[in-house]
Amino acid sequence: MSKSHAAGAPPKRTIDIVNASLKRRYARERRFRLVGLAAVILGLTFVGLLFADIIAKGHTAFVQTYIQLPVTFDAETLDPMGTRDPETLARANYQAVIRDALRNEFPEVTERRATRALASIISVGAPSHLRDMVLKNPDLVGTTREVWLLADDDIDMLMKGHIDRNLPESERRVKDQTVGWVEQLESQGRIEKRFNTIFFTNGTSREPELAGIAGALMGSFYTLVLTLLISFPIGVGAALYLEEFAPKNRWTDLIEVNINNLAAVPSIVFGLLGLAVFIALFGVPRSTPLVAALVLSLMTLPTIIIASRAALKSVPPSIREAALGVGASPLQTQMHHVLPLAMPGMLTGTIIGMAQALGETAPLLMIGMIAFIVDIPSGFTSPSTVLPVQIFLWADSPERAFVERTSAAIMVLLAFLILMNLGAVLLRRRFERRW
Amino acid sequence: RDSIWIAGSSTVFPFSTAVAETFGRESSFPTPKVESLGTGGGFKLFCSGVGVDKSDISNASRAIKKSEFEQCQANGVTEITEVKIGYDGIAIANAKSGPALDMSLGELWLALAKDVPNEDGKLVANPYKKWNEINKDLPDVAIEVLGPPPTSGTRDAFVELAMEGGCDSFDSVKALKDSDKDMHKAVCHGIREDGAFIEAGENDNLIVQKLIANPNAVGIFGFSFLDQNTDTLQGAKIAGVDPTFETIGDGSYPVSRSIYFYVKNAHVGTIPGIQEYVAEFTNDKAWGPEGYLADKGLIALPDEMRASVAEQAQALKPMAAPAK
Amino acid sequence: MHSSTLLIIVLGLMSLAYYLGRKRAIVSAGGAGRISTLHSLPTYYGLYAALWAGIPAILLMGLWTAFQDEILVALVKAELPGSMLEGLSPGAVGLLVNDIKNLASGAIVSRVATPEMQAAADRFALFSQIAVWAMWLGVLALAVGGMAFAWLRTNPRMRARNRVESIFMVILVVFSSIAILTTLGIVLSVLFESLRFFQEISPLDFFFGTLWSPQTALRADQVGASGAFGAVPLFTGTLMVSTIAMLVAVPIGLMSAIYLSEYAPRRVRSWAKPTLEVLAGVPTVVYGFFAALTVAPFIRELGMSMGLNVASESALAAGLVMGVMIIPFVSSLSEDVINAVPQAMRDGSYALGATQSETIRRVVIPAALPGIVGGVLLAVSRAIGETMIVVMAAGLAANLTANPLDSVTTVTVQIVTLLTGDQEFDSAKTMAAFALGLTLFVVTLALNVIALHIVRKYREQYE
Amino acid sequence: MSTTVDEMSRRTGAMSSAELAGGRESRATVGDVTCANPRMVCRDVDVFYGSTQAIKGVSLDIGKNEVVSMIGPSGCGKSTFLRCLNRMNDTIDGCRVTGSIQLDGQDIYDKGLDPVPLRAQVGMVFQKPNPFPKSIYENVAYGPRIHGLTNSKAELDEVIEGSLQKAGLWNEVKDRLDKPGTGLSGGQQQRLCIARTIAVSPEVILMDEPCSALDPIATAIIEELIDELRANYSIAIVTHSMQQAARVSQRTAYFHLGDLIEVGETNQIFTNPKHRLTEDYITGRFG
Amino acid sequence: MSTTVDEMSRRTGAMSSAELAGGRESRATVGDVTCANPRMVCRDVDVFYGSTQAIKGVSLDIGKNEVVSMIGPSGCGKSTFLRCLNRMNDTIDGCRVTGSIQLDGQDIYDKGLDPVPLRAQVGMVFQKPNPFPKSIYENVAYGPRIHGLTNSKAELDEVIEGSLQKAGLWNEVKDRLDKPGTGLSGGQQQRLCIARTIAVSPEVILMDEPCSALDPIATAIIEELIDELRANYSIAIVTHSMQQAARVSQRTAYFHLGDLIEVGETNQIFTNPKHRLTEDYITGRFG
């Protein structure tokens, strides 16, 4: 054991070699770190950009233009019999009441075309608003009240500047005459933008000013609750079985490859499967959160399983041995030690899988969710649509006012996503530890 | 199921939903459910039989085909009422900041066809790179047209109305019609694949936005989108005719198609409200030239035609088998 | 009497069974002081009882709800006067029944109710009432019966833990087989149509053809039907777009994961990671608009200014944005597994004088490899399966090109457009979608097999 | 001193290569592998890691109320053999055990046998301390909890205090029972693992170098514990300290390259080894 | 025997509680902490884990060509102190080091100093063997590779063979260099970690119980290695075996509850300890 180094040459000190190369290594270290930082910043920038873009486009949808008019609830028109019978009141012609109110406000408008144009500055949803007022308080009949009425979407766009008043009339959807009326109302303080509650309480509508996100939101809510309830336990359970209990052989290899492969199946194919199996074979009702959740669960399962298996793999075997060594059963070992340690990864898979399920439209195409459904769903089996589908449909609508509503709906979806993830993220942080 | 189920064309979807919404609001019936599946998908569902789990009404941006009708018959959907509801213009437009276009259908065809006749009438691969190579009056910009993909009904309609109309203005091509029918069709319908025509998906708003971003590009899409974006877009004149409600309605603007819906008569009387829905749709308040559908971009049928279609529709008169 | 109420009651009974089972076990052992004489923990006796109370009852409930309607309808139909059903197709009968149901539930009906209808509706209402009662009785009886059974079987020598665990194992096996069933379902739902497609179009043309033009091939009078179903451009397009996406997502995702888990302060990490995860949940329509209206024009401008000929729709734009979308698949999943590498591994490396980046590259990443590969595979899968972004930003033209500035289309885009566009019965065009789906399935399967072997080979298992 | 070591190692080196050259077939054990009152009976146990054989036809009894110590050069298969005795080798991929191992007459590798109660009965202290990433309290409480050994919190507390005390750790950790067990020093972790094992009062205890990270005083405490446990239980201990083997065990088994070379009364082994290899190893102790 | 242990433990118990009661302030070390030719100089080193202090004002030199051994009861802070010397404590969350530690006159906790060359110079063998989940070859090759110590594969092979041979592992693993290092026995892993450390020829080597899992023969090889390394380098070794400390080290430091109680010539410490605590501990060795 005399000489440990190469023949002859005096042994070179390690530290000299190290110092000689240190600068290079540090340069690499710095580069590596910088690249990492850049990657994070880049990723966050993308998030920021998307958010900024969406918020810039969509924030105006949270206000809505209203027009104040003195409305005479004419007893003659609304309740000619004077019975105040709710049935009669409900069927009365509130359109006429609004028409009269406008006529009183703009007596100079008499020509037929102009009258029609004038009437169209108020939303077609306004009459039902008046009807609701009257039904709630029949004493209104016969009185005159100042009422804020919902403006038409074109007026709304005009007020928000999405329709440019300075353009030549021919290039503008809102004609000079209407602009004149709006300006007159503006000067009287009879037109203003108020918080858009309708957006949050209504189902969808073909009229942008009446269109709300509530139906899609509830649809998404029901769908995702079910998806989570189905896919999380199944995903984690399957991962647990395959990774920890199943004998390791060709058969389980096949299953593993299979699951990885399922992740690569285009989502629309899951729609096909859902149509063929759930709807045609099992008779699950079409266009419902139930069938959507079944399809989306199948779609998210691979994500959850793959993430969960990776998480299980990363738990050191010595921890399993420790538990088994004191006489814990394999299942107890998993439940008490391995699962909690693998939970962060499983939750990550769930977060990402659910995020994907929340944003997905393609498979829903096949199972009747790309639909116009006005009513707000009341359960897992009532027809409904979901947020991404609503966004998809609004984005494809010609009306200008749907542009901002599309972005606002995206904001709602993102808020939903963030809320949904918040719980999981907090939970995940509790489970995270190094060993 | 206590509500009507409508499914089909995405083109008819905006109109159908507007009627459905009004119907739901103003009648005692629940608001119908309207699905956007595309014309073919709508028929597939519609013709798969009679029953609660089959749609009641099918929207279509073209007339039902013979094969589809036969499929319907085979599956027991024997009585179908066809309701033609109006026209959907196909706009050819570009950004206001770009050059104004005015061309004939023939020139449009020359710009988009795969093969065009050269001076001596022989077919060659489309050599035109710029509009003004076709006609000096056209602008000096590269041909770049954003249009619907082959899978869309709009594309079908465009090909049949614009391209076929255009190609027949060339005698050499027209002559083919008699000599080699297949050849004629192939020549007329073939759209160039060298990048000048870009298949841009079914989202018309996206095309509108892309046009605004790229003033040299020309887009092909539904008229209602042009109507909503008159501040930024200009429609190309076809043979001097601007696309407007009037010109499309009276047929002087050539690129427009009829749109329809089809009622499954067997469901009438078992699903509540179908008749009432048809009545609501075929009411002047809805589909008339001043009706609320006009606001949504529907181009109404001429008055007499409307009256007769409305009568037949409300009587639920079954249609005869289509010719093709 | 909603069935969710019943479900809640059953759940309540399960907790009761748990409580009783546990207590019974303790009592049978001879009191709280002697539970060590029990075979298993009292908890397991409780769980055993709860499972006996719950599982049969819930199974019955599921079956009942699945078949109740069918049986009731059969009963009602049987009593309808024959004249009403005469000559009606099954679908029409269904409609009639639907009307009767509407009548029974008081919803709007389509016509004036005939006395027969009214009678049938009354009968239906009565039967449903009875059925609901019967179900309640049956389910509750089964729950209580199960509870009693478990109660009777509870004795100190009963191997409660083993039984409960085997039930759980059965459940786990069932869960795992769902993935297999899904695969089976998918293969079956695309196989037959694909076979029919291949009867019409030669597989040779499909797999080796370089021209994809399904629409024109459809027409009977099509000139060159051969070659119009060449899937090669679709696969190269898929390959190109996914590759670009992965070139964006893997470096950014992996480096973010590394930075967040190894370098970043804990606080930064705790909010940056969930923030990145939002990227996975943004609807693809939004990305599509972003790609088409922001990125694509930008690339075009850039390309033009460099004298390149850039299509306004390019694989590059779609790929870049898609890459952004799948960043969290790589970043979050990798971050978790990197975080799980034991500190002792890092210490071993540091103590030899390795810099942090050397430690990460040579020790941490290899040890975390299976998880990272899992994340990357998921990301690839997502990239292959994505449609909306490609439709909106890369166009739909099936160009066979290696130039990322050209427009391309992908397999999934074609599947979606073929299936949702103006489809026709039994045309090769519609069936092509299925063939594409099947082919994609097989191709990705092969890729996954390779990936599995690579992971096996390079896996470094720490203790 | 260093010359002695030099000689020693040269000798050992030569020996091992001779052994290697001599092939790896199993050989008869010198001494009596049986004992009067056996609890565990192993016969012809082979263990393979993949294709390499780590244990070759080992037969050995572990008697009631006795401590058997296993000695032998590093890598000779002591841990492997020990892990067979409560089927901990099941968790190692590619590890295969043949032969018969019985606990109280029952084959523990029997298909129908449930390893869970077996492991509760045959406790194990691993060579590398592996505390759970939980609090110190939870580490020790885990076993009693899952086996339902205690009926109340107070009783559990008592068991935990008792176990920690027996392991000689109580004084050091009594103020920090809620701190993670992974934040202890090496020796403390080792004692924590001992406490964790004895908390479930197994009847056979397998200890793989339980004192390797302990100072003499702590070692003495553990040795005393072993002595105390012997009154009721059986213990198998792997150790590299022959002094320790001599102090705590009644019988000693000497392993070499997977073979059990010699078994016998501890006294006899250390004073009068019969096999040349044993003798070489024992005498090496003074090197 | 058992009575002696009994007495011993009672005495120690009493002692520790007295110490505990006496508060945890630092105390002056008995003996000369300096040495003639110091390579590392520590002065008033405090180490805190969160709010608890694990090392209290320890001053100690480690000289050129000397082996310093550190002894003391489990949990007294030996590992903690050792880890300070090459800043391995940096990796522990909440661990804080104050005071000054110099290597060749350079403060290693200096802001500007970077730990990478420091650690290349001051190598460490951990208490718990932590081989990388790589092949045996790669485990040893790791250090030379990252530092670029060798210029060719052949040279690297030579270094690896040399290191494994010095650690006494070569014979056992030469046929399975491509097998994972985690598949080795406990003692083999420990020797692998030693080989890994010496493969980079650090000038100061910190060894935390390097022989805890080794049989006497392997221990002798390592001790010989230490002796050989001393010719050129400085070594600090933590050990629980006082015999070992006596055999390999020139100076010995005795730690107790975070204090450095006494430092001195190894001979003097073991034959004539000056502090009562040291004496108690040393004599405990015979308990």
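Letters A, B, C, D and E mark the chains in the order given here, with residues in each chain numbered from 1 onward.
Basically, contacts are C-beta pairs under 8 Å (C-beta built on N, C-alpha and C of every residue); 3 or more make two chains touch, one makes a residue touch a chain.
Quick caveat: nothing in here was measured; it's all calculated off a predicted structure.
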Top-ranked pair of chains - ranking by C-beta pairs in contact: A-C
Middle chain, criterion being Cα centroid separation: C
Per Cα centroids, the chain farthest from chain D: B
Geometric centre distance via CA averages, chain D-chain B, whole Å: 84
Centroid spacing, where centroids are CA-atom means, of chain C and chain D in whole angstrom: 49
Rounded Å distance, chain C centre to chain E centre (Cα mean): 54
Interface hub residues of chain D, defined as touching at least two other chains: 116, 128, 146-147
Sites on chain B at which at least two other chains make contact: 30, 37, 53, 202-203, 206
In chain C, residues with contacts to at least two other chains: 161, 289, 343, 353, 355, 358, 420, 461-463
All touching chain pairs, where touch follows the definition stated at the start: A-B, A-C, A-D, A-E, B-C, C-D, C-E, D-E
Residues on chain E engaged by chain C in the complex (per definition of touch): 86, 88, 91, 115-121, 123-124, 126, 128, 130-134, 142-143, 146-147, 180, 182, 193, 196-197, 200, 202
Sites on chain C touched by chain E in the complex: 343-355, 358, 362-363, 366-367, 460-463
Complex contact set, residues of chain E against chain A: 114, 116-117, 120-121, 146-149, 155, 158, 162, 166, 200-203, 228
Complex contact set, residues of chain D against chain C: 114, 116, 128, 146-149, 151-152
Sites on chain A touched by chain C in the complex: 18, 25-26, 28-29, 32-33, 35-40, 42-44, 46-47, 50, 53-54, 233-235, 237-238, 240-242, 245-246, 253, 255-270, 272-273, 276-277, 282, 298, 301-303, 305-307, 309-311, 313-318, 329, 331, 341, 344-345, 348-349, 351-352, 354-356, 358-362, 365-366, 387-388, 391-392, 395, 410, 413-414, 417-418, 421-422, 425, 429, 432, 434-435
